[in-house]
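Two complexes are shown next, each including chain A; its partner changes from chain B in the first to chain C in the second.
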Partner chain A sequence: MESKRKWACASALTVTMLLSACGGGGPGSSGGDFTGDKLVLAVLNDQSGIYKDASGPNSVKAVKMAVADYQNKYGDKAVVTKIEVTSTDHQNKPDIANTKAAELYERGGADVILDVPTSSAALAVANQAKNHKKLFLDVSAATTALTGAQCNKYTFQWAYNTYLLANGTGATVTRNGGKKWTIIYPDYEFGQNMTKSFTDAVTKAGGTVQETIPTPFPNENFATFLTKAGSGNPDVIGTMQAGGDLINLVKQFNESGLKDKGVELAVGLMLINDIHSLGVEQFAGTLFTDPWYWNQDPEARAWADRFLAETGARPSFEHAGNYSAALQYLEAVQAAGTDDADKVVANLEGKKVNDVFLRNGEIRATDHSVVHDANLARVKKPADVKEDWDYEEIVAKIPAAEGFPPAEASGCSMKP
Partner chain B sequence: MSAVVQYAVQGLAAGSFYALAALGLAVIFGVLGVVNFAHGAFYMLGAVATAVLLDTLDLTLWWSLLVVPVLMFGFGVVVELLLVQWLLRLDPLYNLLLTFGLTLVLVELVKQRYGVSGLPYRLPGGLQGRVDLSGVVLPRYQLFVLLFSVAVCVLVWLVMTRTRIGMIVRAATEKPELARALGINVGRWVTPVFGFGVALAGLAGVLAAPFRAITAEMGNNFAIILFAVVVIGGLGSIVGAVVAGFLVGLVEAFGQAYAPTFAQILIFVLMALVILIRPAGLFGRQEATT
Partner chain C sequence: MTQSVITQAPADGADVAVAASNPRLRWILLAAGLVAALALPWFVYPPVAMDIVALALFAIALDILLGYTGLLSFGHAAFWGSSAYVTGLIATHYGLPFPVAVIGGAVFAMILALPIGYVSVRRSGIYFAMVTLAFAQMVYFIGYQWSDLTGGENGLQGVPRSFFGIEAVETDSFYFYYAALPILLFGMWAAWRIVHSPFGRVLVSIRDNAPRARALGYEVDKYKAVAFVLSAGLTGLAGGVFAISHGFVALTELHWTTSGDVVLMTVLGGIGTLWGGIVGAFLTVMLADYLASSGFHGIDLITGSVFVLVVLLFRRGVWGTVRHQWNSRRRRRTTSGEGTGR
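After this line comes the complex of A and B, so read on.
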């Protein structure tokens, strides 16, 4: 690992030296305040695998919508006219994400990397952002480590984290009477981090987690895991599975008869695309945290209509989050008048924001967590669905102050 | 006690998928000598076809159990005639690469057409709910899957042992040179046998549709376990594939129950042990080892 990092640093150094030796576009060499006279927004995410529908190519379109909105708003007054949006597939693999991020910063001319689902991959990109002193606005990864132990000056977490999911779903379900929990989780960074956050939230709300069951990832057969979980007679089975694994688990939970025994299913992370693909029937009644829902208010809906026209689907919170991250980045560039990362960061830090995605949003300077109001949602019954993608009923608002951990508790230290 | 019975039935139900699909894999390997890497993709196509047929033509699971294997048989025949047969004369590695490539193509095509989050599917009413067998509560559908696959396996076994076609296929599977020496035209059976193997994978896919996520990638992980099953049972052994399929299902279930972290590793530990002790698999021809 250590040698790999050295190697990466060495190659980064070589490339930089080569570039300056050739007299080619080193920082600020031409065109004043923009590297290469243009701004490059690089979306790095899953373009082909399990998270493709939740974010993927449609997030690239969302970022392009933000660029168009920025250009319409500022017209001639825009500080930069040439803005490029690129997209790269990281296949949810940390090693690929690591190499691609380095490539994007060094050779792709990327001023900012956006999105990056899969927590382990996002942590790798955060490290590259730190080394290259370029921005990374993460939208789709959930680990609290991004704004905690592994935070850095150039990394922001825009949409959500495991603490929000746990305090939204975990605490509320516990307060509503689901005191005894059994948690089933995929055995990797995201699942472990989720389990820890949920255990804390459930305990704080007066419940107990009596058992945690790790499962392989990916996995198709959950029947026995569920029987085992049910044998402890919990009030709630919390699942931290995501994507296809979540669908497997929900199908097998519905079949297992645990529902009839009064066991509730709480889902750690669910996206509207999961409901769309499995059908409301299978999920009906399930409580979960949705950081943003396309039909939560008229403003969100108006944007969702544009998104529908553009893509043929309604946006997930990750799509909206990418739009918001790109838009606020462009606003910060406009205010700074340059793509210089340090100046843009200074413009983002501490800013209070309201946009399509962020409600009562604040870009916290202390840990670079973007905090905002979120929703506790319940999946509608098939009879209550009035239109396509009308799947969620908002049960409660989760105010920013409750949903996100207090900045002091994040464990983040920005010192290099 | 009731928990142990429950785990056992769940294990056997999970094993049903492995047994059915591995049976197809074993027959194909036996007669064609092809290690069919596309078997996981055929399983996935079976499930996708089931979901699409319900969505477009309103065909319920009962119909799919009939129609999809027939469609998959046809698809298998096409694949054999267009692709596989041209490489049979060459090193087996070529068909291994071909079927591996075919998997990638099929998975990407399904992704292009149906996306990655999967397709919805609902169980027919008659198979919902639970059965209470003196204290052991089991999902009705799991029992159905188990009984249905055992019935299919028995049927295949009867065809293999009691009919002329079966005997030819068995002879071609187990002693191909001898079968040819006795003047049996093995070549004639190659295409239908490939189709039959593909149909069995498709059938496993139909059974999986109601309680597994129907996605383009659903066959990938399944295929990996499937190869462990075939190695444990003995490459080319028909009985071995079925027995090992159920055995692996049981190992998976009890692993999930008592050592969740190791649930999947246990299958490969079992595979490693079998290779160490009986290199040709539990039911394989041992002469291959000396």
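After this line comes the complex of A and C, so read on.
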């Protein structure tokens, strides 16, 4: 009898102690504000295929850097102490992305999914985010559908979209004197959309698009298309090719002699990793839009140095975008004091943000497009390269208001 | 005849005969399979379980051609994908219950298979594979370019999952699994019926010796074409369920790699075994699913190695090897005069 009571006393004491220990963790840590008492950031991207270098495993490291920075900044005051970063390989297969996203939300305890290259995969994940009422911060997928016809309350597009690429390069180059354009594009959805956006941007800036030339996709021999493009004596040839096709086209453009005639080459989508893998001499002189460049200013450079120490490579804009998305998500969680998606979304919406990646950034409430200043870049000549990864010269700043489509024009309706 | 069958194909007719002569074993296996199908979503994440069963039917449907008719189709993604798109479009635009949409998709796949099959079966071997691949590529590019309808490379997003207003099925993938399972089980039963019907025996005879079948008065091309259409229809059933389960249709469903994946599953499980497709689909899907979260960056390397190993070491596939071992043990017992109480 005696000993039984002792036990009861002791266990009651233990429970109280445990409870009070939990309660001492700072504001809003009553236990119920975080599902599973932790925050889970899930990076879902291509860890093994063609987009591995552009985002891939290094994006996971960038997100981990953001978590470390958040923990250093808030220390004891952080509303959540246990933060997990998980990594999942969607293998660029939309089916797997779709199933894995659902599984991460339902069973993995994921509060937010980040990155997701490949537009079809990102659109599928956006749908899962909507159904599960959990956040999805897209970084690497460029389709404007995410912030347009298929936008939803829980999906944000953080880094860039096809409109920015077209408008940034198209309008800026035209204003700088490249009035007559010929566009070569791969004949599928992405290429067609980009061509349309480019044509609009060039026309609006006072230039003309003389000709648009579709090519098969994928394709190796661009000689006939380049000859045809050159016959109209354009100021600029715009190419919407990407990846291996882009590399082939650029090589053949260099050999065609068009460069010596003063024709400029503008590229729709290019990442610093493309330049790194093919070599700067192949791309020298090419104009393209880079939403963020690691050496654009001292702040970016300081972060890029940390990234280099962490990964052994310089960051692409997608790496920096993932860092920024994770960091701002954590800031919003801190402000909201909970991982409740609706409250976090409410905090993010309409916020003006500046960080390593976002300059004059604004998280637009109307279409969940995160707009910010971007760069028009030119690939340096080999002689001008002073250090590893020093490939780009910033030709012009593209202000957020010009680079991104006006919110009214997005076609997004947030109604559930 | 029996002799030539055994030496020629890994799917030897003698095995089927022995298994069929033991109905009790067959019922036990069938019951075990059913229990496994019903229990699967308790152990595997339900959408993944659905993928396994849908792809299993896909592999079984391919096996009707590959294992029982001796035709390697390298274009079955056309039927899988087009059914997925048609199912998705019916569900999106007309809001019909999903089984109706799936049947619509399967019917479309059969209609599509009619001209393709009619032309392709005139060739055999590698030429048949190439012709089917060519047709599948045509279908792929139609899906690619007709983006107003199919969504192009972005895919057909937001396919609803309506089921007579029963909310549990419409929102929870666990209950959806049980709602969709009968469709797929029906497909598997149909495949079994086709293979074990007189029609199926004619297919096997065509596979083993087409000139002799022709000499016996069978119209070989017609039989092949019908088998092709039936296989496409079952593929369509599987593709439709897959589309509804995922809630969207990606262009990859039409891509030739999908045709390749299903051939891999069939070979992995065992050609000419029918149920081997289930084993192949299970292994392939579970492997891809496991590796996706494993942090290992070389998924294709592993799946490729597994395929090479299976082809080198177990030419009959996993299921085929197990069945062969079982049967040869039985046969030894029978010939030594024990075991059967006849």
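Here, the second predicted complex is superposed on the first by the 348 of 416 C-alpha atoms of A that agree within 3 Å, B and C clash if a C-alpha of one lies under 4 Å from a C-alpha of the other, contacts with A are read in each partner's own complex, and residues count from 1 in each chain.
One rule holds for everything that comes next: a residue touches a chain if its C-beta (ideal position, glycine included) is under 8 Å from a C-beta of that chain, and two chains touch if they have at least 3 such contacts.
Please read all numbers here as calculations on a predicted model, not as lab measurements.
Legend: residue contacts after superposition of the two complexes on their common chain; A:K93 is shown touching chain C, with no touch to chain B. Judged by the touch definition given at the top, the superposed model places A:G257 against chain B, while chain C stays out of reach. Within the superposed three-chain model, A:N273 lies in touch with chain B and out of touch with chain C [touch as defined at top].
In the superposed pair of complexes, A:P399 makes contact with neither chain B nor chain C. Of the two partner chains, chain C is the only one that A:T143 touches; chain B does not reach it. Touch criterion met: A:S48 reaches chain B and chain C at once.
Look at A:I247: by the touch rule set out above, it reaches chain B but stays clear of chain C.
With both structures placed on the common chain, the touch criterion links A:T215 to chain B but leaves chain C unconnected.
On chain A, the surface patch touched by chain B in one complex and by chain C in the other comprises residues 48, 52, 187. Of all residues in chain A, those touching chain C in their complex are 47-48, 52, 57, 86-91, 93-96, 98-100, 102-103, 106-107, 119-120, 123-124, 127, 131, 143, 145, 150, 187-190, 192.
Put simply, chain C touches chain A in their complex at residues 45, 47-48, 51, 144-145, 147, 152-155, 157-158, 171, 173, 246-248, 250-253, 288-289, 291-293, 295, 297-300. Per the touch definition, chain A reaches chain B in the complex via residues 48-54, 56, 187, 213-216, 218-221, 223-225, 227-228, 231, 243-245, 247-248, 251-252, 255-257, 260, 273-274, 276-279, 281-282.
By the touch criterion stated above, chain B contacts chain A in their complex at residues 3, 6-7, 10-11, 13-14, 108, 111, 115-120, 122-123, 128-130, 137, 139, 141-142, 210-213, 215, 217-218, 221-222, 252-254, 256-257, 260-261, 263-264.
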